[in-house]
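Going in written order, the chains are labelled A, B, C and D, and every chain counts its residues from 1.
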């Protein structure tokens, strides 16, 4: 995909010419576009999400800003996709490319490993090269540590982290008196482990008769058949399942539960979009519950409807799967306009404590203390009834059944941020 | 506990037999050609994808027949135009070729079908619970998988012992030179064996695709496991592969059903660790947590203690 | 004391009895040949002595110490070298490298990490001398796998005699050679093993009777006779079980 | 001494490269290249020299990297004060230790058994890295600040070029050691055991011991490369010891040629460049790498290094000229065939997009686009089939002449 202007020239330069090294040096002209590096997988197994996120971001930049005269008095926003193949080493390389080409903003999200590498990488780069600082906008990596012990001044997170989402989920579960016995199962890595630990901590605290009857971890991507796990869930007498699984592990788990004829609600974080909704289909009906900050069925606002329709008209094969990408872009532009410049330090300072009304009409807030975004969180259910905005062109979609207001999502943070000297 | 054990056993059998369908192909190919086919599970994946696409136009049952055939033809072509070319460069090159092929097939599948899990479903005819025990359904499809794998095993056994081609195949397994000297076209037999082996893998893919998921990672997660089975069973031994496949299927299933953990074992020994001990992750391990990794542990142990495998007689 | 002594050595593969209660004594300095029809167990005997196989029962002693059950490298280090019926060369290494590898242990280098081969003058000189001796100097840098058959056999022999082993086992050293090549090889064998003890398996009776001081006849895994060539020639049992197949024993195998 | 000149030239090249390519990105790519070169060289010590095909060599790279990353982190926290220049030694020690532990069980036998154990251990370690959070740091991995340690002659390694030169020195030394290892008795015996373990045993060498020694050397330098990786990125995650990384290094060695010391160097340089740059032009970069790999195994068993050596030999004997004509006649159809193949794949990857090539607008939805490309490719392949035998014959002929000159 010829996503970037003149790539051939640039790399011929790198590969063959010696003197053209200066091509990489940053250029900042007044009407120069503001280039945003989007470091996410564009090839390999995780590319689907990265591709569609890139399209949403590009479309939003066009729709809201470029078609209306740009930002900061006429500068265009240009999103440049830099493929990191979901790997840490490639992410570091793409960060260097972004720096080389004078990009000052990096948006990234898939995989907490990548986010953590980019966050520490950028922190050190900014410390060592104060003249060419970079800002990281994380739209999806939810390892709490990124805004807790490992927080960085140059990192802003626009998604709720795992513990926040688990808290909302716990509220929702506790509000349903029919649920007394909960089984937790997850992939054996940071996120799955975090979900398990948070569930064990939060659920019994919400309601006295709510108990955890299983807390199981399995190696990620290694389970061929989930039926043995389903048997254990049955044997435990659980009446709800909580899982942090995503991808094929999520689909297989949901199908296993449906095949075994279990009528259990399943509480999840990543059980939709990019083919999963279509594949789940009937097996997920009223069973799959998902915590996220999207809220689309019924459409909460005309603006959200217009944006979605326009995007789907331009990209018939895609959905607006992660509207928080639009929030990320909007908050970034708002901060730039407030700072009156695209200087990362000024923009970062303007981002802190900023508030925004999103296209769904909700208020969101960037907490200055740890650079964690707070927004109303929703629990939605997988269904084909009352769905105006379906996913994967399947007729199936997510209908909001529970909303936790922004104030109720606030959690304390252990972040001790090193702030740059003014 | 008894109910969990019963279901664990049933599921272990289903998985074990499925694994055997793959392992039998790898064994057949290894015995004849001395090639460990790393890409075997990729043909399993292709079987599932072919069946998915075919079933959208022709319905499931014709796909059940056609997809393995298509896979087998593709496998034969790979042998004829790929492996035979590489054979001259030695065993390492052959293994590396199939390794690269596995990688390539995964990429091609992603190119043509996309990266998401496909909506490949059990046919309506068999989409009902066969029986319900202790509150859990046993789907009719799983029973069908069980029967079909047993049927394949019986068919393979009969084919190898009763038919002329089977006799030549078996002879070629043990004495390839002699068979060639007797005037049989050994390259063609090789191509046939590769075709049959990959068709079996394709069939396994067709019946497993709807329940285990049809997605680009389905081969990678199974490929190494099939290898492990063939090695544990003893390279070149069908019986060994059968025993090893069932063993691993059941072992994983039972391990998941259990809830024994290191902490329990240590408690029995009267040892305990503070929660922030550097080895805390180790003593928190439970058997179900590591169940999918048990085959690899078994492999390493086996190669250390009995390098020839359960029923193997070949050293290398 | 015999240099090598086998007592009641037996070996079976599955149900097939390959060697049964073999007794054999090799005296220092002699050239001892083992003959027998195909399948008599000659190669198996060599494998047992050199440690590639283990006897099911019985004892093998070298210089009075038991060696059965030792791994083959240990046996080699005690001073038993061997050649193979089918050449076993380091195919991708040059002829010179092959010989140099064979000299590393005898010359005390072992698996050293401290020496650089290019700088070891004594080692290289000896490998070159060996090349001359084998008549392979012209093929010095050709990979062993690309050699013609006769050159391969010469190198095979070279690997067996390179060290200073006290006992050398040669498994059909001239098989498949033309008359002139065989004569050359024979002269070479005689020259390099003059001071050493030689145990030989050979089908070519002219070679056997020319080289051997003593001959052991093996048939169906059992020793039928051990004696001087002259008396073996006239031994009635040998005539009966063996020479009948060899048409007087004078033809090439 | 020709080889001494070659090493001096290599050193000069290493010194000059960052002066020629001085952007942050190019120095970053050069750094990755250096690390890949050392990793590939260590892998080829195992594969090319020892004949041991491993699917788990990334384990030693990763563990070496983790040891270095922990040392980096402890230095940053002030617990220890290890100068950065010594970290690679810590990584090498980590690699050696891991190779000693795992190698003593896996090198008892060569061939398929070794490959299988390496696969099993590789999968186990990769899975364990996600489960055992205390040492491997979970998904986020272990990170540290490379500037935290005591500065050396005023160099604090904040700048990329400083890190580059640091890595260059270590990689140069590492390559020198590995080249020297080929010249030691142990290194030469590794080749002997590769070619014929049976014969090696009958000459008094324990094949298992030689293999273990070879394995230890490979593990040590993989650990060294891993440490350089950790220093360069200032972070290491479980991806470093995963199977994908192990496959990558196998690809490098086969691409460059396992039979030559410089083969893996060539492969590492090419592959690093490809994977860094290819993804800008296409989303199918991994597919092309896979095709390149399989094609290389099928048609260039000696790798690009082998091809270059053959070409060089023909050039030295003045026989390159007779190859020129058939080569030129094959070049056009080959290029056309490759072009049509690439365009077909690109077309398949882009639903709903239009591909503009040479004034033509190709579209996935348009049957004629497909048919046209397929036809173009078919014609090219027919032409190639006609021309190829001449090239093959010429190649054989010039080669035979060369070999016969090497013989008496």
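Keep in mind that, in the parts below, contacts are C-beta pairs under 8 Å (C-beta built on N, C-alpha and C of every residue); 3 or more make two chains touch, one makes a residue touch a chain.
Just so you know, these numbers come straight off a predicted model, no measurement behind them.
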item: Distance in touch steps, counted as few as possible, from subunit B out to subunit C; value: 2
item: Highest-count interface - the chain pair sharing the most C-beta contacts; value: A-D
item: Innermost chain by mean C-alpha position; value: D
item: Centroid-based (C-alpha) most distant chain relative to subunit C; value: A
item: Rounded Å distance, subunit A centre to subunit C centre (Cα mean); value: 73
item: Centre-to-centre distance between subunit D and subunit B (centres being mean Cα positions), rounded to whole Å; value: 30
item: Distance between the centres, which are taken as Cα means, of subunit B and subunit A, whole angstrom; value: 36
item: CA centroid of subunit C to CA centroid of subunit D, Å; value: 43
item: Touching two or more other chains - residues of subunit D; value: 127, 131, 133, 284, 286
item: Per-residue multi-chain contacts in subunit A, two or more chains; value: 47, 188, 217, 219, 222
item: Per-residue overlap in subunit B, given as positions that touch at least 2 other chains; value: 289-290, 292-293
item: Listing of all chain pairs that touch each other, if any do; value: A-B, A-D, B-D, C-D
item: Touching residues on subunit A, where the partner in the complex is subunit D; value: 1-4, 7-8, 11, 14-15, 18, 21, 24-25, 42-44, 47, 51, 83, 85, 87-90, 92-93, 96-97, 99-101, 111-113, 116-117, 120-121, 124, 128, 143, 145-146, 150, 188-191, 193, 217, 219-220, 222, 316-317
item: In the complex, subunit D residues that touch subunit A; value: 20-29, 32, 127, 130-131, 133, 138-141, 143, 145, 147, 158-160, 229, 232-240, 244, 273, 275-277, 279-286, 350-353
item: Complex interface listing, subunit A residues touching subunit B; value: 45-48, 188, 216-219, 221-225, 227-232, 234-235, 247-248, 251-252, 255, 259-262, 274-276, 278-279, 281
item: Subunit D partner contacts - residues on subunit B that touch it in the complex; value: 36, 82, 85-86, 88-89, 91-93, 95-97, 99-101, 103-104, 107-108, 111-112, 224, 227-228, 231, 235, 278-282, 285, 289-290, 292-293, 296-297, 299-300, 303-304, 307, 315-316
item: Contacting residues of subunit D [partner subunit B, same complex]; value: 47, 51, 53, 55, 105, 108-113, 115-117, 119-121, 123-124, 127-128, 131-135, 247, 250-251, 254, 284, 286-287, 290-291, 293-294, 297-299, 301, 345, 348-349
